[in-house]
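In the two complexes that follow, subunit A is the common piece, with subunit B as its partner first and subunit C second.
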Partner chain A sequence: MTTQPHENTLEIRQLNATLPNGMRLLRDVSLTLEPGEVRALVGESGAGKSMIGRAVLGILPSAVVHSSGDILLEGQSLNAMRPKTRRSIVAKMSALIPQDPLTALNPVRKIGPQITDPLVRIHRWSRDRALKRALELLERVHIRNPERVMNSYPHELSGGMRQRILIAAAFAPSPRLIVADEPTTALDVTVQKQILKLIRELQRETGTAVLFVTHDMGVVAKISQKVTVLFAGRVLEDAPTEAIFNDAAHLYTRGLIAATPTPNATAEPFRPVPQDLIAQLQRDTQAEDVRFYQGGRK
Partner chain B sequence: MLLKNVLVRLITTAITLFGVAVVVFVLVRVAPGNPIAMMLPPGATPEDIANLSALYGFDKSIFEQFVIWLGGVLRGDFGTSITLRQPVAELVLGRLPATLELSTMALFIALGLGGTVAVIGARKRDTATEVGLDLTSGAVLSIPDFLWGLIFVLLFGVLWPILSISGRIDPRIEFDFTTNFYIFEGLIRGRFDVVMSTLSHMLMPAMSLALPLAAMIAQLLKQNLKEVLNQDYTTLARVRGFSETSVILREALRNAALPTLALVGVQFTFLIGGTVIVERLFAFEGLGNMAIDAVINRDLPLIQGIVLLFAALFTVINLLVDLSYTLLNPRLRHG
Partner chain C sequence: MVDATMPLRRRRFRVRNLRFWIPLTWIMMLVLAALCAPLIAPHDPLAQDLFLERLPPFFMDGAEPGYWLGTDSLGRDVLSRMIYGARIALFVSVIAAVSTGIFGSTLGLLAGYYGGWWDRVISRLVDIWMAFPPVLFAVLLVAVMGTGLTSVIAAIALIDWTRFARVIRAETMVQAHMDYVDSARIGGARRFTTLVSEILPNVMPSIIALLMLEMGIAVIVEAILSFVNLSISSDDPTWGSMIAEGRGAIHFAWWVLLFPLITLFLTVLSFSTLGEGIKKKFDPVLSS
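Our next item is the complex of A and B:
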């Protein structure tokens, strides 16, 4: 097996996910992520953004059936793998920055082992190397006194600190792909900016590809090169970030942009996505209407 | 802060024990049946009974008797057993190790068995295996300890007699105990025949006591595990590549054990209560067995001594539960 030089880090092909009652959560979702690229996944609440991240990481809720389609990490099809192999490959190649730092750390375990355990037990590093790496990254995410923090329990640290720790833990094994699921929504506005800056810096330094889930178009403008717009589990639009902001193909996307104050939208007044457009999209989705693709286009 | 806690604890313990002492003291005296009359041969005259009653102080008012008894207790004298004619403290402390060993073994069996079933149930959640385990533990739970004792006697004492059904150790074993902790002493002195014989005598009564508690632990711990397994930190552990079993054991178990622990403490005191009948069933020479004899013979000083010791034991257990709770939960540790 030879690896091509320009292999995609992540490739999702025609992914479908359904609930046992037949409700479709993801409909023919396809997207790619090149090495070192940041792709924003946007859409309103319930659109299926988190579901895509979970499907990639192999942590779909037990009720959700991955009914068809495939996910490839650096060209390797995850579908073709046995669950154990898949788990190990995914763990070695990817990481998750979770949404809520308050619930993502084990309350009864010290911070140190929560960072180093996977490095030692899954990535098979020596304990020394794992410790050094953890300290190095904690320093990198501006944690003062990292030794003391490694010896602390989560409840002794602030939310912003915990999120920085989780970012450090995600970058520690040098993954190729990071899924960041709204990593700033649970934080104070002031802390949000710092965390976003940190993720962007680390991403640039390490060249890790990031699938960045958000519903904040302001964040999209700052962090991503590509954008996937999702509605009701369907990809509405997939384009470079610049194109999305300058000339979105879909009315819904334009609505999303208009609904968020963005740096270059000086004259544009705030206005939410029109309700009648959302209603139209919902009807089209229900009917599996082909017009769905065209309906919102200008 | 810590000192204050300990102090409060000691005071409440003292008050509890005093309350227990008062209640037991009064109850055994107002209940019908005269201990002295039962001691004397048939045909004893009322004068004989009155004389002996006076000797034990039963002619005085309950209040006076209590003051005398309490004065003795404060000096470490718990009175003398009427039937066995030995100091109560000596008798009771001589039997305590047997009951402690039995209930500790039962507790370990319950924790091991219940814990294992809970982990398997959580691992196989939402499958037929989980349902099967739930049904089994529900059935086990509905049978009380003494019935389990009878079932075991029938199975392994009668139908397939491989275990000893009576006593605490093979009487043919020559061993001069300095403590009454047979297993502990046998281990320390390297007498494994003593340990094995004691264990084979303890297995059935311990299992009888353990099974209902094991079933309860299995159900509750599994429920708590399932809740913890929905937490974000367990999801993150899965993303990091840990197997489901390892997520359960390393990430979930300690968090799930916390709410389980409180119940185990309470249930363990019930288990010790259960030793009374189960020890009787297996002619196991422990406190519970002695308690039944004491009640049958209306040996008032002995009953008081045993009940007080049980009460003291319960407060110690509660203390240990609180302590381990603090140890398991870092949020309480640095308070």
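Our next item is the complex of A and C:
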């Protein structure tokens, strides 16, 4: 059956995630990510953007019940794997750029081992090679004194520096896939721009596919080739970025784009996504829930 | 601007250091006294001399040279007994605190990190345990196991592990939700590895502070058990038994009670103050 070459780095098929109380976090989410592609996941808070990233990496909160669906990394079904194999495959192929650089580094461990540990542990590199690669990457993300930084504790560095370190750590093993979970939200605007630029540059150099979780349409326009719009854990629209910005198929997407604040606030007043549209979408979701539970598709 | 801020910084720096060094000096003195007891003690702590009973300390009338802190009702030298008492007090406090700490912290780490059944079972156990009155529990345990230092140590560990379990469980839960734990997991670390190499170092400062506190508590518990004659034989010099003996003679030989009491007080205070100081020194964020 699997004679044709699998070209997708990541393929999510009909992924559902449910809380024990029956609340559905993800509803039949399907998406694909080609090698070297950047796909943005957009939606409002609670739309399930981060959940998708966490599901791929296998770090869903323990309360979440996986009800159905499958995730394929380069054609390998994660469902079919035993947990141990799954973790090592995921660790080998993917990495995370976390949201909050302040908590994403262990405060009592030096930076150096935090970057090199996974390289040695998972990729079986020698210490020297890992160290060289870490220094190289730190320099690449414009950290001025890499040797000193490797010997520092996280609290001795600024938030922007820490985020750059995390980016370096994520790209160090040249993974096939990186999940960037709102990597710029915790930073101030001037730093945001540099960080985005860095991620884009490194992504192009390494040819890594990136699943970029964000709620910022401005960021979407800058970084991604494809966009998946989510609402209440459901995919509303899946299209190339240009198409989304020029001619979005879904009203909600148009609402999101229109709701992006512009620097020229006086000329164009801020327009949030219309309330009646959101109400309509919520009714749809509820109706869909009813079908889901009555259909006995569990 | 530099001139205005410098003295303030320097002063705060010194006060913080004093709070570390004074208790440390006291503890070191005790350790030294305990280690070199036979060399330092002016008399045999067990030697009775009924001709020299209830001698007052050196600064009072009627004091005998060589008996610096006086003698008790059996003519035993108070200072010598206190020095030998430090041996027992420190031995019990170190062994008891370390075993309590290892036992309680392990359970706390497991409950806080693995959650689920681990947490449910351990937390209920802590709740049940804490419903017992601790002193009564200790007396019961020693009564069942028989007197002796081993029973005292076991009693302390069996009673006080809940202190570690509760605090370390809470700290672990906080740490477990930090992104760095997820990062380690994505980096292929096993759950147990993550717990030991990522989370444990972060809760270590708390464990050490608690350990110090526990040493102080162990000294008190040992004294209490000695006081009610459940520690080791009442002949052996312990601070608790000295206090118990001194209690009967408080009206005419208060020194027998007071000196061991002050020593006990200073020791417990030093341990808990030192715990805070060490916690700060161990924590890279607090120490910079």
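Throughout what follows, the second predicted complex is superposed on the first by the 272 of 298 C-alpha atoms of A that agree within 3 Å, B and C clash if a C-alpha of one lies under 4 Å from a C-alpha of the other, contacts with A are read in each partner's own complex, and residues count from 1 in each chain.
The rule is short, and it goes like this: a residue touches a chain if its C-beta (ideal position, glycine included) is under 8 Å from a C-beta of that chain, and two chains touch if they have at least 3 such contacts.
Please read all numbers here as calculations on a predicted model, not as lab measurements.
Subunit B and subunit C, once both complexes are superposed via subunit A, clash.
Once the two complexes are overlaid on the shared chain, A:S88 sits against subunit B and subunit C alike.
Legend: residue contacts after superposition of the two complexes on their common chain; A:A104 is shown touching both subunit B and subunit C. In the superposition on chain A, A:M217 contacts neither subunit B nor subunit C. When the two structures are aligned on the shared chain, A:M161 is found in touch with neither subunit B nor subunit C.
In the superposition on chain A, A:I59 makes contact with both subunit B and subunit C. In the superposition on chain A, A:Y153 makes contact with both subunit B and subunit C. In the three-chain superposition model, subunit A touches both subunit B and subunit C at residues 57-59, 62, 87-88, 90-92, 94-96, 98-100, 103-109, 117-118, 121-122, 153, 155-156, 166. In the complex of the two chains, the subunit A residues touching subunit B come out as 57-59, 62, 84, 87-88, 90-92, 94-96, 98-100, 103-109, 117-118, 121-122, 153, 155-156, 166. Those residues of subunit C that touch subunit A in the complex are listed here as 115-116, 178-180, 182-189, 198, 201-202, 204, 283-285, 288. On the subunit A side of its complex with subunit C, the touching residues are 57-59, 62, 87-88, 90-92, 94-96, 98-100, 103-109, 114, 117-118, 121-122, 153, 155-156, 166, 169. Interface residues of subunit B, counted against subunit A in their complex, comprise 126, 231-233, 235-243, 250-251, 254-255, 258, 328-331, 334.
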